[in-house]
Structure formats: C-alpha cells, structure tokens
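Got some structures for you, see below.
Shared between the two complexes below is chain A, which has chain B as its partner in the first and chain C in the second.
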Partner chain A sequence: MRAGVVAFLAPSLVLLTIFVLIPLGWVIRISFNENVGGAYMRSAWVLDNYIQFLGSTWYLVNTLWYTVYIAFFATVLSALLAYPVALYIARSTGFQKSILMTLVLSPLLIGLVTLVYGWIVIFRGGGILNSLLIGLGVYDEPAQYMWNIKGVVILLVYIGMPYMTMSLLDSIERINPFLAEAARNVGANRWTTFWKITFPLTMPGLYAGLVIVFTLNFAAFAVPLMVGPDETRMIGLLIYKEALINNNLPFASSISVIMIAASSVTIIGLGYLFNKMILNKLEAKK
Partner chain B sequence: MRIDFGTWMLRLFTYVAMAFLFFPIAITLLVSINPNEFILPPTGVTMEWFRAAWTSSKFVDAMVVSLVLGIVATLSANALALLAVLALVRYNFPGKAFVNLLIMSPILIPATIFSLALYVFLARIGLGGSITSLVIGHTIHVLPFAVRILAASLQNFDTSLEEAARNVGASGTRTLFSITLPVIKTGLISSLTLCFVLSWNDFPISVFLAPPGWTPLPVELYSYIKYQYDAVGAALASSLIILSAIAIIILDRATGIRRAIRGEAPGVKS
Partner chain C sequence: MTHALTQSIWVDGVAKKYGDVSVVDDVSFDVRPGEFVSLLGPSGCGKTTTLRMIAGFVMPSGGRVLVNGADVTYAPPDKRNVGFVFQNYALWPHMTVLENITFGLKLRGRTSTAIRSKADEVLGITGLTGFEGRLPRQLSGGQQQRVALARALALDPALLLMDEPLSNLDRALRITMRRELKQLQSRLNMTTLYVTHDQEEALSMSDRVVIMSGGKIARIAKPREIYEDPRSEFVADFVGNTNFFDGRVVEVADDRAVVQCGASLKFAVTREDSISVGQQVRVLLRPERIRVKNRPEARENELSACIEMIEYFGPTIRYTAKLQSGENLYIETHNTSQDHVIDDQIWIEIEPKHFRLLHRNKA
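Moving on to the complex of A and B:
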C-alpha cells in the first residue's frame, strides 16, 4: 500500500518539484546575481538589485505603494459590488440561481484577452461608453478611459467579481437560516437582522475574498499591459517588462521577491485589521 | 416569499451587476456580426469578419497551436491528477498536508511569478523557446483544477465496488477502466473540459513561454488588437467566446460550474 501511494504520487510530485519548486528557488537565487547588460548576468551574491528597487523613492512610492493603492481600491470596489449580488444569489433558487451563478462565474472561463477586447470597444475615445454618456448628458466631450488607470481599475474589479462572489456565497450559504428567523421572531427588522446576524457571519468569506482578489490584483500584469497607459507603474507589469523587454532577469527576480513579501505583509495587516477592529467591535456589541 | 422593498433593491442591483459582467461579452459578439463594425445598433448581419478571421493563416495557425496545446496539457494533467488523487483520497500518510500544498501551489502562486520562474528556469536548462516549455507550463497550470474536481468525485465513490471487482479476479488496470473511471465519469468530463478551456484561454503563462512560431490564439489576438482596431478582432474574440460558452454548458451539465471551479481540497472529507 505504501509503495502504491509513492508510485501514484511520484509523477506529479517530481513534475511539480522540477518545474515549480526549483524554478521558484532559482528566482530567489538569481535575484542576487549581477546584471551585466544585454541578456547577460554574472553569478554573484550581491544586493544590487534589491538596492536598486528599495533605495529608490520612485520605485517605492510610485510603483510599490501605488500598486498597493490601486489593487486595494479595486478589491474594495469588487467587494462592494459582489456583496449584494452574493446575497441575492444565496436567496434565489432553481433555474434563476443557476443562471446567475453561470453569469457571475463566466468571466473566469472566458479568456482575459477576449474580455479586454470587449472593454476596449466600450472604452475607446469614440467608443460605446462615451457615446452613451454623452447621449445621457453626463459629459460634453469624450472622457478618456482606455489606456488610462481608470480602465485598469474597472477591469480589475470585473475580473475580481467572480472570486469575490464565490467566496461570499460560500459563507452566506453556511449561515443557519434559523438564526435570522429567530432574530425576526424577537422583533428585529430585516435591517437589524442583517447587521447583527448575517453581516458578522459573512466576515470569514469577506476576508477570504479580499485576500484572494487583492493577491490577484497586486500581481496583475496582463490587465495593465493591455488597458493601462504605456507608463503604468504597477509592479506586476514592471516584472514583465524587466524580464521580457529589458532582459534584466536578476532585477525582475528581485522585484518578484519584493512583491511576494509586500503582498504577504499587506495580507497579514488586513488579517490583523479584521481581527482587531471588526471582530472585536462585534464582540463588544454583544 | 413576500417581496418587499429591500428585496427589490437587491434584485435591481444584481441585475445591473450582471449587465456589467455581460456587457463586454455582448458587445464583442454584436460587433463581430455587424456590417458597420463599431457603429451600433447593427443594421444587419454579416459573416464577413468571421470569414476574414478564419481564413487568415496567422490565426488558423494560432488556433491549431492552442488546440494541440490544450489537448496535450489537458490529457497529461488529468492522467497525473488521476493517479495522485487515487493516493490522496484513499490513503493517509505522513506529509500529506505538504503534498496537498505542493499540488495546489500553481494556483496559489500569482501567475506573474509562476510564469517568470518557469521562464527563467526553462531558459537556464535549455528548454526555453521550445513548444515543450508551453506544454509544461500549461500542464502544471491546470493540474490543481483537475486534482480538485477528481478528488471531489472520488470522495463519493464506494470503494467496495472496486473490492468486488478485485475479488472476482480483475486486475488493477481492469478495475480502473471498468469500474473506477465509469463511476467518476461526470467528474472526469468536467475536469477535462475545465482544464481545456483554461489552457485555451490562458494569456499570462503563454505570453511568457510562447516560443517564436508557436503563438497560442490569445497571444496572437493580443498582438493583433494592439495595432489593429477592426471587427476581425471581434470575430476572433467571438470565436474564443463561443468555444468557452460550449465548455460552460458542458460543465454546467456535468457537475455545475461552481462545483467545477471550486472543487474540494483532496483528502478533506465533507
């Protein structure tokens, strides 16, 4: 039996070790290499690449902090959008529920480039959104969304929606329906029931959703690449450009290490915030 | 259920959000059959853009690359996943939590880092710039999804069926093909479909790993729409949407989309 387990797992584990673990280790290793121009690097143990990033206000403030800001903003927006949707889907049943689920999850199964194409048609200067907004009298002249950070945020919200909704839905459906009924029986109205019962119990789902979507947004490179302006200062895009356009693999690798670290710190901070501020407050209210 | 004001607001909000989700997809489909390209509403229906997209050798080549890549990656990932899941669901062994984490790692690591790591490593060992690198990247990318779906369907599997087959003298392989696979058929269909559609639509990994001359369709579409703005792009995007829609229907019929995407962590009894 033991031998069987090993034989069954070996192919996957060997593949993942060679093509996931070792490459990740390799990224950390070459982040200490020296870049000698062109596509070449020299094997070394220097901190130059880290100093180049961490020692520069431009990278720290205009790239790292800016990415945290944009990613967080988009994450919060997708949570605000997904929460009511998840509530409604949780309440619906049968065919309606399955249609809504399919619509919410379909962006995950329809490719990014395809979705981006649709948004390009909408966003462009003379595009559909502008014609609509001008027609409605919101603007007098076309506003710029395409190749603009607003477009990046809209797309990040769009792509974050399915993950956020799924995560919230999981926690809403886990709530015992008798709790809400009990609250109503003792005279609480719908609004109070929601804030005192449902909302606190969805905190784990909200937290999980925020973590998943923030991680995705923080590392995103395809969205800023396709809809952002040329000089978009998002960290994922910077990694892509340093690796594939400037061929500076040591620098790209060190930014990746910094990115993982920054992303972990933000998530830990978010967890702390959730524990201290929200859960404690709810505790105190009881 | 009593329909009150709050429920109406919630319903309205949900429908607006759904419109937001569906808007770019609908627009793309509309433009691809519109004789006036981007001028809406359409005045008629034309297949001209589709014909242009499907007769361009550049796009047909890219479609073949995506198709071959998707099939090879899907089959390899599912073969690997099936073996792994048979061990993960049925046996407990030391280090199981770590094995689970390693198998799930390709979806836990951001695509940017995962692709960069593979890119630098494959270049180092001399596999960069070959079709092998794309196949490896896609296989690993879809493996966790296959493992989750197959694990979920194997968990509901009654092992006494296999024992019965073994007792009447069936070999291990015979049992697998005559008993196990037919029983988890819907899970397997769901897994094959999801893996294929994820590979077919992948952009981040392909853009890092695609060698010259082997450009998958999403990357080709990206380079096209970067410089060209016409309805041929829409027709190409619509082709991708149609294939994804077929996959969505299959997934919905087999296990349900939510179950397929969500799956369950292997070895966790529910």
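Moving on to the complex of A and C:
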C-alpha cells in the first residue's frame, strides 16, 4: 500500500481497532472464562458457557432460532411495505420527492426512545389506535399491541423501513428507464415488465436492505426491552440480562459470540442465495 | 383505408406539448413499405419525441399516428408491433443474449422450437451466432448494438424504429455498422424510420430524409435533393457547409441572371423561373462546387482570392479565402497534388448552375 493510502486509512483503522476489534477480542476472551457462583468470573479457558447455550434445546430453539425468526419476519415485512413506497418515491419528482424522502427518513431524526414511547402512546391499550378502533366498532375492548411480541415486530418493522426504503430507492433509481420501455416494446404489459425487468434489477437494493435491517433486528435490544413481553426471548435482551442482571459476563459473552456467528451465517446464506439467483449476473466480472 | 397499401407509417399532424412548451408541432410525414426514412435535426428539434410517439412511449397532444393503416395514436406500446432500437441499446443486463432476443417471443407464447429457430435466424442475420450465452456486459458496444437489433427483428415487426442507434460507437465502427445496417435493411426490405443528428448517416442511408427544426418539419426530400437544393437557409446550413451571400437581382437574360452581392461582387447564376430584376435574394454556394486555379482564364464568375486558413482533412482540404471584395469564402477541394499555403493568391471559378437562390423579404 502506498503511504498516502495508509495515511488516509489510519484514523479509521485506529478507531476501528480501539472501539471494535479490541472489545470484540475481549468479549471472545471472556466467553471462555469461568463464572463462579453467579457472582464473579475467573480467568480460564473453558467451553462451559458455550456448552450451556449450545447444549440446551431451550436456548437454541426458544432464543436463538426465535430471534432469527422474529428478526427475519420483521425484515421481510419492512421490505414488503417499503417496496411500494420506494417505487412511488422513485417516480415522484421535485418538491414532492423531497417531502416524501424527509417523511421516510424522519424516524431516524428522532431518538429511538422518543420514537418508541410515541408508538406506545398510539398502540397501548387505551391509546389512540384502540380508541379509534373501538370508536369505529371494530373491537369491543382494547386489543393489546404493546408489551408482547406483536409490539416488538411492529416497531422493528417501523424502524427498519427507512433503511429498507432508501436501499430499494437507490437501486430502483439506478435502473435505466429505457429497459422498461424496451420490455413494453416487445409486448410486455406493465405487470410483466415489473416482474421480469424492474423487480430483478432491484435485487441488489433488496439484498442490501435485507442485510442491514436483519442485522439491526437480530441484535435489537431497546425495542424488546421497552415494548416486549416481560419474559422476552430476543437474544440481545438475553445478553443484557445475563451481563447486567445475572452478573454472568462469561455466559453473556459467549451468547454474544454465538449471536455474531449466527447473524453472519444468515447474511452469508442470504448472500449466497441472492448471488446464485441474480447478483452474479449484474456484478461486473469479466 | 386508402392509405393502408402505400403507407407503413402515417404521422398526421402530430403535436406534443409539455405544459406551454411545444416540442413537436403539427408534424406530418409518411414512410412507405420497405422505405428507409431518416428524421434528421439538431438536438431538441423534436425528432426523438416524434419517434417515441410512434412507438407509444409518449402520448401525442394532438394528431394521429397510423401504422399499416391502423390508428395506434393512443395504443399502449405493447400493442403496436413496431421494433425499436434504443440509443443506449437498453439490453436487459440480467438476461443473456438469447434471453434478450427471445423475451418477446416467449411473451407471445410461441413453442420452444419456433422460438429457437427464430433466435437462430436473427443471430445469424446479425452475426451473433456463438454469443447466445453471453451477458450484455460481456459484449462490446458494436455487439450490444447487434443484440438490440436482433431483439427487434426477432418479432418480425411491421416496421423498425431506431433512435440514434450508432451514436455511442466510435467513428470507424459507426461507419462499418452504418453500412451493415443499410445492407440488412435493404435485404430484409424492412420499413425503417431512423432518427439521427448525423447528416452523413441520414444522407448515406436514407431513401428520404425528414429534416426537423424547432418541432416542425423543415423539409422532406431525397438525400440528393436535400443537399443539392436545400430551399431554406436552415437546411442549407444544417446539412453540409454553405457560403451565403445576400444580393439583389440586377439583370435577367434568357438563361442567366446576375446577382449583385455588395459593391464589387457579382455572380452570374442560372436563371430560375421565379426570378425578376430587383428581387432581394440570398445566394447559396456549396464549397466543393468552387474550382480553384492558379491563373485567370477569362471565364464567367472568375474571381481572385487570398487564402487565409487551411483545414486539412485528409481526402479533402478546406480553404477559407478572402475575396478581393472583402467577403470570406469556404472552398473545399480534393486532396490532389496541387498544394496551397496561407497568403497564396488564387483564382476561383464557379459555374452558374452551382448557385442556389433563396428569396428574401418576400413582399
């Protein structure tokens, strides 16, 4: 590497090392320590913490798999909701477009806590939504949308939407508009043109959106903490409980390592699928 | 429909406005079966919009578009059966050459044998055999151009519309492709409407040229007529280079008229019927019609001039010369042994039949 390149990269490499690599290494190291009587840890090289997690069907199915499932479900929902929004924004212009973009991005401008409490006001038992639904005669008594897994999914979908929309918007806008015209010209109607031309070409954006939102959802901590049920089984919250409530740092660390591994495997799997399906055709490779 | 037999395309008073801006204004022309017609004009003249209205990508604000006698003015693009070749080819990047070519055939529900044999046919015609499995990005610009053409031809379209299909290619390839395209079009007897801003392309490929300017048609004629007899200053100036002189008709004889252009500049021109003494005219003279010689021979329209600038193009040389009367004159000659340098005194001679006259200040 040339000296100039090194000089440019140095600050971010230093930050990355101090704030990501060293703590990560530390977490990995601690995950092999021994926990003594639920009180303190002892430096060691044991696999007990991993065995405790991976050897338990409850942990594997009811926390790890459950988290993958919820995170993925919420991610797919955001994609389904974001796609039409992104298409609509891509087709609008000028002032209307800036307004729509601002609206989509607005959740990112508000702190997560404010956002979540705002949603609680809307969704809780005596909240705005329930008053409306009861007023309209849809329900007789309030439906419970908060402090259960429904609430977690609703909020994960909501928080994922801006990332998903922007990612999709980017790839929709990259599509040469003549490609759709060419399809219409050879006899494809609007619907066929969308499914055979536009949709496949937005796969890079969909893939990027899925990866970003899935990663965020999988590691979600604040949302399950604030609107989840008392006994939430989302893995991010589990780590928090083990580390700060049960004071079991080695176990919390090993779950963290497992979480990172599971998340990576899912993303790699997703990448493999998308690549096989279409991305390998779109990427420049001679 | 009386026009069905003689007109593959009939554009009848078509207009397009965006808000108050008129992009295409009352444009009418036709393309006959098997004919190659070019829409030629500078950027923004409305030629591409006109083409896109025929393809159905743009809906006209007025007028009618008929394809083989059927009114398709407001028909959606997928119901027109007109082939379209885009300037940037618009090949679907996620599909192979074969998939690009057969997409339309599959939509029409042809059998796989029929699809394969049609694909082989157009691959053969366009010289793409062996490239079926390639993706567009694995092809050169010229090859992509052929795929775009093959894709259009695969559907046996009633006519072929092309939007500056060669403008993204480098010059040498453009000229090769131009010739191939023309040969193919003649061989298939394919009715073609071709949009270009390149006068050479339009003149060399077309049976007729439609020249557009500012959303209107400036002239429809055969290439030779367009060049030799432009009939308007815009056409004369846009197609090729032209020398212009303003003058007044001072004398009309049997077959000659004399035009006085400035105090000491007079041209004897072939008489046109509409000419009369006293008329204000603009004289047009193509630079290659001027004969250059080293000494006077006491002939008609013989003038002396001084060379001020030389542009060497290879096969031709362009001189900018100053006449004794002060006017500048473009002269284009073949690159022969006769060589001139700047400040050379030369003699020029122009045959009267080479002048074209435009009327000025009609009143």
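Heads up, the rule we're going with is that the second predicted complex is superposed on the first by the 255 of 286 C-alpha atoms of A that agree within 3 Å, B and C clash if a C-alpha of one lies under 4 Å from a C-alpha of the other, contacts with A are read in each partner's own complex, and residues count from 1 in each chain.
Just so it is clear, contacts are C-beta pairs under 8 Å (C-beta built on N, C-alpha and C of every residue); 3 or more make two chains touch, one makes a residue touch a chain.
Keep in mind it's a predicted model, so treat the numbers as computed, not measured.
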| item | value |
| --- | --- |
| Partner chain in contact with A:L273 - chain B first, chain C second, else both or neither | neither |
| Contacts of A:L80 with chain B and chain C, given as first, second, both or neither | neither |
| Superposed model, chain A: greater residue contact from chain B or chain C | B |
| Which of chain B and chain C A:V46 touches, first, second, both or neither | neither |
| Chain B versus chain C as contact partner of A:L108, first or second or both or neither | first |
| Contacts of A:L13 with chain B and chain C, given as first, second, both or neither | first |
| First, second, both or neither for A:L201, with chain B first and chain C second | second |
| Which superposed partner A:A188 touches (first chain B, second chain C, both, neither) | second |
| Which superposed partner A:L179 touches (first chain B, second chain C, both, neither) | second |
| Set of chain A residues, in rising order, touched by both chain B and chain C | none |
| Contact set on chain A toward chain C in their complex | 176, 178-179, 181-189, 192, 196-197, 200-201, 278, 281-282, 284, 286 |
| In the complex, chain C residues that touch chain A | 55-57, 76-78, 80-84, 86, 88, 90-95, 103-104, 107-108, 135, 137-138, 151-152, 155 |
| Footprint of chain A on chain B - complex, ascending | 4, 6-7, 10-11, 13-14, 17-18, 20-28, 31, 38, 40, 80-81, 83-84, 86-88, 91, 93, 99, 102-103, 105-106, 109-114, 116-122, 124, 136, 139-140, 143, 147, 194, 197-198, 200-204, 207-208, 218-219, 221-222, 225, 229, 233-234, 237, 240-241, 244, 247-248, 251-252, 256-258, 261-262 |
| In the complex, chain A residues that touch chain B | 1-2, 4-5, 8-9, 11-13, 15-17, 19-24, 26-27, 30, 81-82, 84-85, 87-89, 91, 98, 100-122, 124, 126-128, 158, 161, 166, 170, 190-191, 215-216, 218-222, 226, 236, 239-240, 243-244, 249, 252-253, 256, 259-260, 263 |
